[in-house]
Amino acid sequence: MEEQFSEECVDSGIHEECGVFGAYDFDGNDIASTVYYGLFALQHRGQESCGIAVSDTNGPKKNIQVHKGMGLVNEVFSSENLEKLKGNISVGHVRYSTAGSSTRENAQPLVLNYYKGTLALAHNGNLVNALELREELEKTGAIFQTTIDSEVIAYHVAKERISSATAEEAVLAAMRKLKGAYSLIVMSPRKLIGARDPFGFRPLCIGKRDNTYFLTSETCALDTVGAEFVRDVEPGEVVTLTPSGIVSNRELCFKDSSKQARCIFEYIYFARPDAVIDGVGVYASRIKAGRFLAMDSPVEADMVVGVPESGNPAAQGYAMESGIPYGTAFIKNSYVGRTFIKPKQSMRESSVQVKLNVLKDAVKGKRIVMIDDSIVRGTTCHRIVRMLKDAGAKEVHVRISSPPFLHPCYFGTDIPSEDQLIAYGKTLDEIRDSIEADTLAYLGMERLKELNNGLPYCDACFSGNYPIEPPTQDIRGEQG
Amino acid sequence: MEEQFSEECVDSGIHEECGVFGAYDFDGNDIASTVYYGLFALQHRGQESCGIAVSDTNGPKKNIQVHKGMGLVNEVFSSENLEKLKGNISVGHVRYSTAGSSTRENAQPLVLNYYKGTLALAHNGNLVNALELREELEKTGAIFQTTIDSEVIAYHVAKERISSATAEEAVLAAMRKLKGAYSLIVMSPRKLIGARDPFGFRPLCIGKRDNTYFLTSETCALDTVGAEFVRDVEPGEVVTLTPSGIVSNRELCFKDSSKQARCIFEYIYFARPDAVIDGVGVYASRIKAGRFLAMDSPVEADMVVGVPESGNPAAQGYAMESGIPYGTAFIKNSYVGRTFIKPKQSMRESSVQVKLNVLKDAVKGKRIVMIDDSIVRGTTCHRIVRMLKDAGAKEVHVRISSPPFLHPCYFGTDIPSEDQLIAYGKTLDEIRDSIEADTLAYLGMERLKELNNGLPYCDACFSGNYPIEPPTQDIRGEQG
Amino acid sequence: MEEQFSEECVDSGIHEECGVFGAYDFDGNDIASTVYYGLFALQHRGQESCGIAVSDTNGPKKNIQVHKGMGLVNEVFSSENLEKLKGNISVGHVRYSTAGSSTRENAQPLVLNYYKGTLALAHNGNLVNALELREELEKTGAIFQTTIDSEVIAYHVAKERISSATAEEAVLAAMRKLKGAYSLIVMSPRKLIGARDPFGFRPLCIGKRDNTYFLTSETCALDTVGAEFVRDVEPGEVVTLTPSGIVSNRELCFKDSSKQARCIFEYIYFARPDAVIDGVGVYASRIKAGRFLAMDSPVEADMVVGVPESGNPAAQGYAMESGIPYGTAFIKNSYVGRTFIKPKQSMRESSVQVKLNVLKDAVKGKRIVMIDDSIVRGTTCHRIVRMLKDAGAKEVHVRISSPPFLHPCYFGTDIPSEDQLIAYGKTLDEIRDSIEADTLAYLGMERLKELNNGLPYCDACFSGNYPIEPPTQDIRGEQG
Amino acid sequence: MEEQFSEECVDSGIHEECGVFGAYDFDGNDIASTVYYGLFALQHRGQESCGIAVSDTNGPKKNIQVHKGMGLVNEVFSSENLEKLKGNISVGHVRYSTAGSSTRENAQPLVLNYYKGTLALAHNGNLVNALELREELEKTGAIFQTTIDSEVIAYHVAKERISSATAEEAVLAAMRKLKGAYSLIVMSPRKLIGARDPFGFRPLCIGKRDNTYFLTSETCALDTVGAEFVRDVEPGEVVTLTPSGIVSNRELCFKDSSKQARCIFEYIYFARPDAVIDGVGVYASRIKAGRFLAMDSPVEADMVVGVPESGNPAAQGYAMESGIPYGTAFIKNSYVGRTFIKPKQSMRESSVQVKLNVLKDAVKGKRIVMIDDSIVRGTTCHRIVRMLKDAGAKEVHVRISSPPFLHPCYFGTDIPSEDQLIAYGKTLDEIRDSIEADTLAYLGMERLKELNNGLPYCDACFSGNYPIEPPTQDIRGEQG
């Protein structure tokens, strides 16, 4: 995603909302530090806040402990506070950073006390009927202490639990009321439950290491903790990990799997390249996207480069297909952290370029194919094209490994409103001109289906075809 | 309170639970920094966590902002985060430090979203029916995210608000269900409401500075912010500050004011000496207590000393009445803060005395009257007597400015269980022997009524006469 | 010292510069944590920065380790960094806070590598010939990395060490060149050396606990660590603690002890009341000063109060002598720490009084004798008198337990320049009027000699009689 | 450098020691924040500590201010402390992290007061005669407060300054005594002086932006602050920036430029790829190295991958030359920071791989050419080869873009002692076997000269041919 490399636009890229990671050690060993490492592998899914909740299945039933805070996993957890999280069942969460409601209150996992005891909940996704559900609850006297959808989900689970025989039945009953995108991990004092909405917008999978079982947003987190991938949680499935085994409930799965709607942008940008979602390797998808661009929009050039880091795999694919050498045009400064002091406006835009620098020597006099995964507002893309040209590039041919963004997303991606999207209401030539590229091409809509091996997907942000009808008024709740 | 001067027992003294402070600037100026200074004056009522919530009466109706954290006012607030709290109506809270549930989640003010909007709530006191109320709510599906009584109160206010015409009516309706001690400040986006339980266990008063009105636990916080004292909120009264004036509702006040039950220990120890509660100056109460001790339990001696700081006023009273000179026997090190590293057990108890030192020169060869406000477990009192004797004191006569603790408190004081109280099941001589004093005397029960000028008070911790029947099972909720 | 209780003037009081604390465990146990507790007892002598250096006498000869930082002992040391300081010989230092050169570089102990190895040095005092000595060294190519006198001393010790047989001889040789006030602790890898200038401006004494010996500025630090007082280091004496015993060298002691010049202000204000300096108890000195004021400047009144905390002992003495009851008029807020956010100027001076509050009830309608240890600029004294009058005091009679400040100090006290001193060029009546007191009296010059039992003392700040000729130009170096 | 990607060996890679950055705004504007951004671009040269010193050429002559601290630029500087650094002339420094003497005292720039005033010094490199020079100075009474060579240099500059007409002459005179590697920036209150040792071991260059001039280790820092490259400082040259212009002194330059000895490892690994050193682009050097490997050590394979990030450019070169597609095999987690909690030994080595993950899909069944810049101990290289094989790679052919390390470096690189080097005393086959590669090849010694376009270079770490005789005993000083 281009925007993250520009000082001015550093927070304006498109973000995934959240990552979830749960673990259950059936041998009874403390597991929080494993969850800590798992969250590191999901950090790209959320940098605003994070948290870990634990329960000791041999302890009292109302003894879920949690540590949460604003910041990266690195910053929120110390060996001191991690050691205090005693328990063999745990759920963790990372949340992304927006300006608006970036508060400690909205950090997850949510831990709540209710009629039948306590539970912790971690959520990735976004409901489209959160507002209705919230109002309905409020009418009965409910109070909310956060502004996230996840609290609405938690309320429903707790409410349903009163009349349900088991926690997983309560989760199922709650899911019947939820509309939208959600991959959930619910921890009761003795169980770890995973659930994925019937559309399967967001990923969720199961792993195993010795006698410990895992639930996580992305497979790469399993690699990180040395666990084996077992299988994906199916869209609509509820999976319960208990000491007596793994129990699956598929009642809410679509009979017609073509109704499923995996977010295609997970493959294009969100997920880490080493993730495998529903059987499809993300790196391979991106290599393919690059190859398609080379097939469909070839150009004569001296070097193919990616906008780091997200553009690199597609650039490699383009190079493989076209035979044009793959090279590096940009150096990204990885030391620029969250506490970086932003340059004052008095330093001209062009003068301080701390985060991204052009490799002038590599670029000078060359015809460059520059690959990025998407263009949002266009300002950053424009700026990078200019950097290449200022460094002496003879031609800059921009290739985008996704179709143009034209519509908002209601399922957990913060694509800005239409009037801010460069592609909205513009022809391809107009876009090309506004970013000062020599040529510009996007990935064709028809290529998307090849990216994830034909699994049903959601491309609403490109096509406007929403798998669930979007809310008529502004969504008041926020993503989990 | 003795225990706070001993390394071993540093957290085992008796603590007040909370302090509340609210302000409403009818001229519309930002008021959070004034609340910050107000909380400093209440810091002795709670050092665990603190918070400030604000609302801008000219802003949108759902825009209450809050900053809370673990630690002292000093530590939680920086000029940076204070400046972000924009609004002319504000409520702040300080909470005390226990081991158990000293978590960020329990920090106040609570801010919640409910059917009619948002509200913030700060609470000082303890309910006796919190558990029943909580269970009742949970049966309807309510979830709780803290373990404090205050959340139960907030729920009731929110629930009643649905069918109430105004916020203050909702507060009144909620109060009808609450049993126990509570001084409340409730902030809605346009109003600041103060409420005190009919027994008046905890103090609450009104102040004014120019066009700004205040609600606070103690009058000294008004002095601190340069405000004038207006009047106390009466036990049972609900007071609403609105741009159109101050409205009072006394529906819940006892017709028979003799049913009121002000905590007498506020006068003896909790409140700051410069506070005036319900018209009675706290310093004067303590001087009186010292005088009574001198009248009722005289002794020949060379010097009267107080155990710093809480024993000093009564020691001054004793000196005034007896004519024995008042002196200083202990130097307290005020630099020993929360992050102080406790001496390891390998350093013998007697060897490292960082917090309190005896003034050997002043004590040597003298007959000392040593005044303290109370004895809880007796270990610290014993230790201090020993320090005096080791320093060469010829005699140590201990005088305690309250009767012996014999019963737990259910109204907001953390008096330990009976088996930990030194006075429980012991004769006066046995207590005296166990602390190695030459003589020992407590303030007589009959003197208590003179301490607060005859206002009805609660002395249950001494007498066992509870104004409200205590709960039959352990209280699950916690104090606000 | 009055000024520390006023928001505006919080850093403008008179400060002691430094405290030193050294320890040598001949049994070879780690000693840094004991030094840590010792520094707590000296914290009033310096709050700017602190540090601890250690050497392991069984380790290599060049292995002095140090941890220093800006802030209180509390803030600079954690159990983590304290544990890393392994060694059985150690020296610590606290330094006071000024605006000017409050930098990490100036923190002590200084640790340096030189021809014969390494040494650490901690210094309390101020040289009058630091500038000349520094220039002399610089002419030979020396470089300085701090702006403190202590570095000049360290240089001389190191230089002399080249041609000296022992470290203590080097200290002696260096002392022959130093003019001014210095109490020193020098740690070589195997020895701990204490030295006090011949005038004895600043205190230094020896203590013992089991097989551990101590050097410290004040005896109260010995009490804190459970050590016994052995004796004071004499003015001019060099004391060496080695595994084979304590060796004393008195070559530089004045034969005529009447040349000694102990800072009388240590007794009046600087030292902690529980310190005993050269055999004279500080609390007793202050009681005496109060008694003298009562004898020499009596007045009819209802209550004697001290300006907290430094005025309290003299107020007790005044009460004892006069028979007027001792009471409390001011409540000081001990929670206001270094990170306290100062009120903006927009809040009027009078409106926010976070640090000090008047006990209105105790003061109203009374004739008050208010005791303080000194008046510097007069602004704070004035402000406090006004607070009493605003609270309804009928009369305020100010009694100061020292003579008026009229001259700068060159020996380690930061008395401001003459034009800032309220007493300079004013009659007593003029001073009284400017602080709006009803009457005002200072302690008489002739009383000073009685405060420390007839030991020779320096009263230059009152009398202008400097025991060493002051430097003709501004002192460039700074106090250690 | 391989080692930085492995949990166990995270601090055992080969490090550059330092980076320097200076700026002089002749228009008189504050410049510290520009230096702050410049240091970001040099952060890869040192992550242990950093600092910025400033002087205001319109202020008093003794007014150099400095802020230094342990940690990254990000961590040490806040907008608050940066704003306090007022001045239009400034020098900054980054230092690298070792276990040994990673103390605040060793942070640079050094700021010192000496006979003629004050100066600040920042140094990159390592002297071979530091010990002799230090002892010589110590014999005259000098004391040292750090353990870095830079203090020895500072002493000499200060000493020479006494008899020199100008600061730059003092620098020249000092340089006549120094043996070894040094790129220096010296700031006097009115001048900024750059100096590079005659061998030119470490880079140093000049830049310009409007009326501001810069000195910096690498050109990429000029790009970062929007400055143009002017020219390199020549080996042996002293350059003085003054308000009246840039003055060069080449007295110490070798007449025979073939004596110069640029560190060839700057091109291979240390410098950022976008740096240009003495006219040679670093990225181009690395591409060349990769091409040479492809020419000299070809192999049949399916994919070329780099060990991130340092192996990537050479891998691209190998791909270009060989025609084998360039791909990605490893995902590096960039969120793992300094406060990362290392996995306990109880988690098996293989189980937690937070920092580096293999892209299994991309690797499975493939013949891989894996490029890294060097092998030090071999443990990490071995581990990465194993990761590839475990992920299903059919063959792993290791190609190293430098010759084998066989000798220690005395000029500013922390190459470990010979017995720790995998190549020491082993045949190529033995090395290959120990890392379990299918084939292994290093860059040939004869190729080195082509990497930097024929400029004279130092390859002592590979060849043992030291341009300056190394010290006979262990070096006591440390790199600056």
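Here the chain labels run A, B, C and D in written order, and each chain numbers its own residues starting at 1.
FYI, a contact is a pair of C-beta atoms (placed from the backbone, for glycine too) under 8 Å apart; a residue touches a chain by one contact, two chains touch by 3 or more.
A quick note: this is a predicted structure, and the numbers were derived from the prediction, not measured.
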item: Least step count from chain B to chain D, where 1 means the two chains touch; value: 2
item: Intersection of the contact lists for chain A and chain B; value: none
item: Length of the line joining the C-alpha centres of chain A and chain C, rounded to whole Å; value: 60
item: Centroid distance [mean C-alpha coordinates] between chain D and chain C, Å; value: 47
item: Euclidean distance of C-alpha centroids - chain A vs chain D, Å; value: 37
item: For chain D, residues contacting two or more additional chains; value: none
item: Touching residues (chain side chain B, partner chain C) in the complex; value: 33-34, 36-37, 40-41, 43-44, 47, 72-75, 77-79, 82, 209, 220, 223-226, 272-274, 276, 281, 283-284, 287, 312-313, 316, 319-320, 325-328, 331, 333-337, 339-341, 343-344, 347-348, 350-354, 357-362
item: Contact set on chain A toward chain B in their complex; value: 104-105, 110-115, 135, 137-145, 147, 154-155, 158-159, 162
